[in-house]
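What follows is chain A paired twice: with chain B in the first complex and chain C in the second.
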Partner chain A sequence: MNPLCTPRDHTFSRRAFLGGGLGLLTSPLFAEAMKQRDKQVLFVWLDGGMSQLETWDPKPNTEFGGPFRSIPTSVPGVHFCELMPKLAKQMHKLCVVRSMCTKDNAHSSGVDRIQRGDPKNRGVPYPHFGAGVAKLLGPGSSGLPPYVWIKPGSGGFRAEDAGFLGPKYGSLAFGDGKPPDNLLRHPDISAEQDAARNELRQMLDQRFAKQREKRVVEANASVFDMADKLMARADIFDTSKLPERDRERYGRHDFGQHMLVARQMLEAGVRFVKVTSYGWDTHGDNFNAHAGMVPKFDQAFSAMLEDLEASGLLKTTLVICLSEFGRTPRINGHVGRDHWPEAWSIAMAGHGVKHGMVVGETNDRGTEVKAQPHDIGAAFHTWYRALGIDPMKTEFDNAGQPLPIAHDDMLPIKEALA
Partner chain B sequence: MKLEPKQLTEFPSERQITAARFNHEGSILAAAGYEPAVRRWQFDGKTLTPLPSLSGFHGYSTALAFHPQQPQLFCADSWGQLRCCEGEKTIWQHETAHDGWLRQIAVSPDGKRIATCGKDHFIRVWDATSGKKLAEHDADEDVYALTMSDSITFGDMRGRIETWDLDLKKKQRTFDAAVLYKLDRIQDLGGLRVLRFIDDGKTLLAAGTTPQNGATPQSIPTILFFDTASGKLTKTVTHGTNKEGYIHDLAQHPSGCLMAVSSGTPGSGMLFLLNPADKEPFHVNTKMANCHSLALHPGGKHFVVTSTNRDSNGNGKSLGKDGQYKTNTSPLHLFEV
Partner chain C sequence: MHRVVLCLLILNAHTWAEEALLARKIEALLPTKAAAANDAEFLRRVWLDFDGGIPTPNETRAFLADPSADKRTKLIDKLIAAPRFAVRMAEAFNVMLMERRGENEVWKSWLVECFKTNKQWDTMVREMLAPDFLDEKQRGAGYFITRRLEKVGQQDTDYPGLTRDVGRMFMGIDLQCCQCHRHLSVNDYKQIDFSGLYAVYQNLKLQLADDKHKTPWLSEGLIAAKYEFVSVLTDKKAQTAPRIPFGEEVMIPAATGDDGWLVKPDRKTKEVGQPKFSPLREVAQRIPAPENALFAKNIANRVWFILIGKGIVEPLDLHHSENPPAHPELLELLGRELTAHQFDLRWLIREIAHTQAYQQSGAHQRHLTAEQQLRAFLIATGERAHLEKNTKPDMTVDAFKYSLTDFEKAFTAALANPAKEPELAANPSLRSALFFRNSDHVQWALKLRAGNLIDHLAKQTDPAEELYLTTLTRLPTAEEKAELQSWLKAHATNKTQAMADYAWALLSSTEFFVNH
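And now, the complex of A and B:
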């Protein structure tokens, strides 16, 4: 028997938790387990722009408010659009910021500006939030790849997400939530043969490293490490053994099933899990589009919140949901809403943020943020703070040049922080 | 017979209009749109003169239909209200005729019954005089369009069209318009917008669009012709490119020709006239942007098309000359045939 513990021994299983009964929540053992558990992030990216008016910040019965009604949530006085009935029941777990006001209304530049926190231009590409977290917090005790991305379509390694941090901190994308092709060792190759091959590779790597930049070599080696860890935990991609009820609760659509894989990744201890849903760019037929898509989002996102809370993971996981921007109040001739960075919403839950909280307010027509607007840099400050990283004291190292981890003129959204 | 419509004039409207209809005498034009009210105008053959709007709706007013022989106007909103009015007077009203978005209203040819459909999956039949609910049917899907003959024909988001005798609770016919539906990623693209019977009920038209992709839909205006007796698709007419989008409204002129309006990518829009026997329209007008409704005047000498101002789209904050955030409007184009 191997006397050494495995990464899995350090993770806290939802199934084990549920098997232990709810009484475990109050036990000192549980509290200790949660204290020791690594902080994690679930980052739900709705590519394009989800309409704030059809979701988090409804303006029913107004000129730009659209056809839908608003519904009360579990927090008195807070209303969501009727398309999110499940999340309305979980508002007490959420922190919704309705005062986002960002700079870019174009996809081509906006995606990067939002995901990199739109810092001051230092002439180098900043890392995506996931890469920043991977760098600052590392893979954690699970040893699994620290920044994974579950997305529709193809997978692969995206070094560019890491910006100046170097390719080692790029995202590892799993297309359709599936493992990379040929993940498992070929059955004709024994463990001994595999170990011998790796030894040879490492030797060759050392020779290669002498003539190359350190961070490139590190990235190269880290890919093999990632593969090794994933080979040991190929089970995290498999949702087929989950109860049918779980698969139904998240929804049979691809976003629901991808969120289910994300839950498994979080349970296994992956530091940062990004889940992307494409198609949130409703320049035409906006109301019918949201009538179809938002309930699917509502279903999967609320199931995730329920499960993270049930397993205790919500105590250690920062959950973030956002888009590139919101959507225009005015409705174009194609019954669409266009890009709107001026006054939109993001939602958060879990570790480090307040629960049952709405921060900020838009005016009655949804065309302006009342009082204090918040740019994405402020959100980055907030998220890092929520994870216990002080952006005023922590810096990235860009080949010897210290750079702030979030926009140096901005501050966290204090009202949102626990 | 090939008609040549000529635009007489254009009237402004402060809000966007999605549905417009004349009353049976042709003296009143009523319009629903992006406001909790129904706008009305007096029509004297040349001019549209605003009348007081009908207020007290919620969300957006979404659907309207006049009684074919009497002055009653049936109108609805996106929160489920259904109302019968005579002039400004409410005859009867149901605040929640449907749970949410009431999409369309149809009146039976004799004017005795009306039918409604909604996002709540239901089709409901009402006594036109009293407002009493006569029948209902759960279609198990968001119902986008309906029309009435002796029975009720409705079509859902997925392009499933059925004719039902709701009194007997019996399905009579099914029509396959699945070509008007597409699932793109997690977006359901339902292309059906209009159902109409022509040829004394022998032909059913299903009009809308053939969707190609989601998000910013690229899609081609489409009319499907079904043989009512057999349910078989007999002809498909598509017109325009995939930026032309949806046929939002369609009427049959007393001469027999079909008149349709479309709206797609902002700035694009068409009025086209088509002989039902042909595959190509004989008249196309692309001067109006994003047309959403066509109100045919009784007798067919006039009709009104509601379009959208040309610069209706744009990312970010567009300010008008007054420094205020710009809103869009729907010019009303009066045509003479």
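And now, the complex of A and C:
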């Protein structure tokens, strides 16, 4: 038995906390544990473009308002679309920005542009927000891959998400929330044997590194280390042992179950977790489509907020929810809504942002932002600030060339910051 | 100082084959700073580059012991003349040209045949760009285009993607941004350069295999007018006839209506028709031509990349005046000489292999491709012949549960880069690490089985030497020998397993993952 304690012995155990009863919440020990806990991000991406009018910014009884009513939320004066009754009860945890105004109305370029923060063109691809956070904050004490992505369909590693930061900071996608191939130790190999031969491999690599380019060995070493960490936490992919009630609360649909895996990832200490839901591009039959999809989103996202609050993780986790753009107020001939980057909404919660806050306002028809519009660059400033990173003082290093981490001409959305 | 270097170059040059003229010219342009690779490093490198695998311990011993001064030249020539050379080049070109879009046997055998018969690169490109689907020997070449025109889900047929790839692969220019407007960061690339090619490829239709055609094939429509395009930036309209980038427009014949058809389309007989004027063939003649300087430079740069690990121009598909080559005279020389040698790739490869730039130490260390790793792994573990023979796997018998195809699939899944991206570097990934650490394939190959590595090592009095020669193509140091001894001693209760674990550590190590 190793007499020294490992980093994991120091990480705060959620189970210990939950089992400890409420008294622990106010104890100095708890406060200390929370402070030490790494900051994390949950990034929910609704691919194709969620309609702001059927969700965060309803305009009932107006020209473009559509058939749904609005309902009051837990914050007086703030209304959501009736398709989000559960989130309406959690508005006091949320910060909704209704004044997003971005530049790209195409999916192919827009998805990337928004996720890279649409900075000034420097001739190099910028990292996605997740890759930027992975680079600036590192994997944290968990040692788990810093930027994971839970999505329907296929998984794999997406190096291009890291842009000029280099493949190391790309996203590790778990298709359908499933673990990667070969995650479990081979049944013919004992744990001791597995550890011993892996140590031997490390020793051989360290010697090789002395005579060769370090970079090559480091690239190899880092993926083997990550494999090690992930093997030790293979349990985070397994939702089958969770209480039946949990699985019901998140909803027995892809997005719900993926959010549940995301919760386990956050609890295990993954720095940045992205969850994608596809199919929001409702050019036709917008209202029936939203009536089908929004309640599922409402269910899983609100269950997540409840759980993060109960476990205390919401104090250290920045939660972000957005699409590549919103949808047109004008309803097209197919009873659909098209792409509308001119006036749409994003929602945030958790660490570093105000709670129960609505920032900005669109006009009565929902076509334009009243007063100050905010581009995605401003949102990046806001998020980095919320994580305690000052974009005015922090730069990326593009092979020796310092580059700003967020659009250099933009500022954070001040009203949103706690 | 310069004179001394030059004298050394000349001295060195004399020890190599006299006819390697281009190699000498390259060296005159590229004085190398690093020391020459030692024999073991050189040996492993040329094997990986020209065979795709690694030498056996006996081959290594023989080469290291050979005192003759021209042994490197002889080895290069031997490997290039061997049948494996064509397969290895076919693998490298398959990855380069198809970017992991899946495997196709007809295409693969066309590639192998090309390198076996040393078909000139311009001929190869003509066959790819205007395939004769009725010629059994050529139809495999058609896969370059037909694969790219296959429909994916609800998406439109990717004509722009095909247009882009023709520019990238055969002229080293990525015109993607010029589909909708002039290129914003590359002044040389105009919208007309994309549109002139697009006019040709959007006119194609992918047809399914039928009685006459053994593979999917292409039909062309009738082009009677120029192709119109609009810049989304300026709303300015323009038009172009079929045209290769930076070239002249191809004259569209004035034939109209029925006169335009060689074979008229007919719905009743399901005849799709064949126009007299074939823009596809016109462009396929004009791209691989000596007058098109980028054609020669592109392939010279790509071959240089395959052998040296770095392009003279990078990215490989961004040749333009504001992205000059790292060494303009070198690229100029390679392009010119390759053209003068009728685009003879084997000649070019051999010349580059004979340069000091190729033979220097450690300079182009890089990770092996999935194909190289598989072959090296199977040669090292001694399981290659066994798997090749086992074409009908039997899951119930452990020794026969895998075929070579199973291993090819598993290694590609674990080690190849994602599809549709240039595979410039095989980066280690979590996926590859988990594969080596836990997969059954790796575990299976390291089980004791008659004739394999573990069996062989058990019979050795000095297993360290055999193990290091087999896996890393070099002799172990005294320290490494001692380490293996103490490992075996510490795990004496199960010697076979201890040996397998040591072999596993070497085969999963960075030294095994890289060329030397």
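Keep this in mind: the second predicted complex is superposed on the first by the 374 of 418 C-alpha atoms of A that agree within 3 Å, B and C clash if a C-alpha of one lies under 4 Å from a C-alpha of the other, contacts with A are read in each partner's own complex, and residues count from 1 in each chain.
The working rule: a contact is a pair of C-beta atoms (placed from the backbone, for glycine too) under 8 Å apart; a residue touches a chain by one contact, two chains touch by 3 or more.
Note that this is a predicted model, so its numbers are computed, not measured.
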Chain B versus chain C as contact partner of A:138, first or second or both or neither
neither
May I ask you to decide whether A:217 touches chain B, chain C, both, or neither, giving the answer as first, second, both or neither?
second
Contacts for A:204 in the overlay, against chain B (first) and chain C (second): which applies, first, second, both or neither?
second
For A:66, using the defined touch cut-off, is the partner it touches chain B, chain C, both, or neither? Pick first, second, both or neither.
first
By the touch definition at the top of the document, which applies to A:167: first (chain B), second (chain C), both, or neither?
second
In the overlay, answer first, second, both or neither for which of chain B and chain C A:388 touches.
neither
Regarding the shared-chain residue A:159, is it in contact with chain B (first), chain C (second), both, or neither?
second
Enumerate the contact residues on chain B facing chain A in the complex.
15-16, 34-36, 58-60, 62, 78-79, 100-101, 119, 142, 157, 184-190, 214-217, 245-246, 263-267, 269, 289-290, 307-309, 312-318, 325-328
Note: in the complex, chain A contacts chain C through residues 121, 123, 145, 156-160, 167, 172, 180-186, 188-189, 193-194, 196-198, 200-201, 204-205, 208-209, 212-213, 216-217, 219-221, 223-224, 226-227, 230-231
Chain A - residues contacting chain B, complex
48, 60-61, 63-69, 82, 105-106, 152, 253-255, 277-285, 288-289, 291-293, 296-297, 328-336, 338-342, 365, 367
In the complex formed with chain A, which residues of chain C make contact?
184-185, 362, 365-367, 413-414, 418, 421, 427-435, 437-440, 443, 487, 491, 497, 501-502, 504-506, 508-511, 513-514
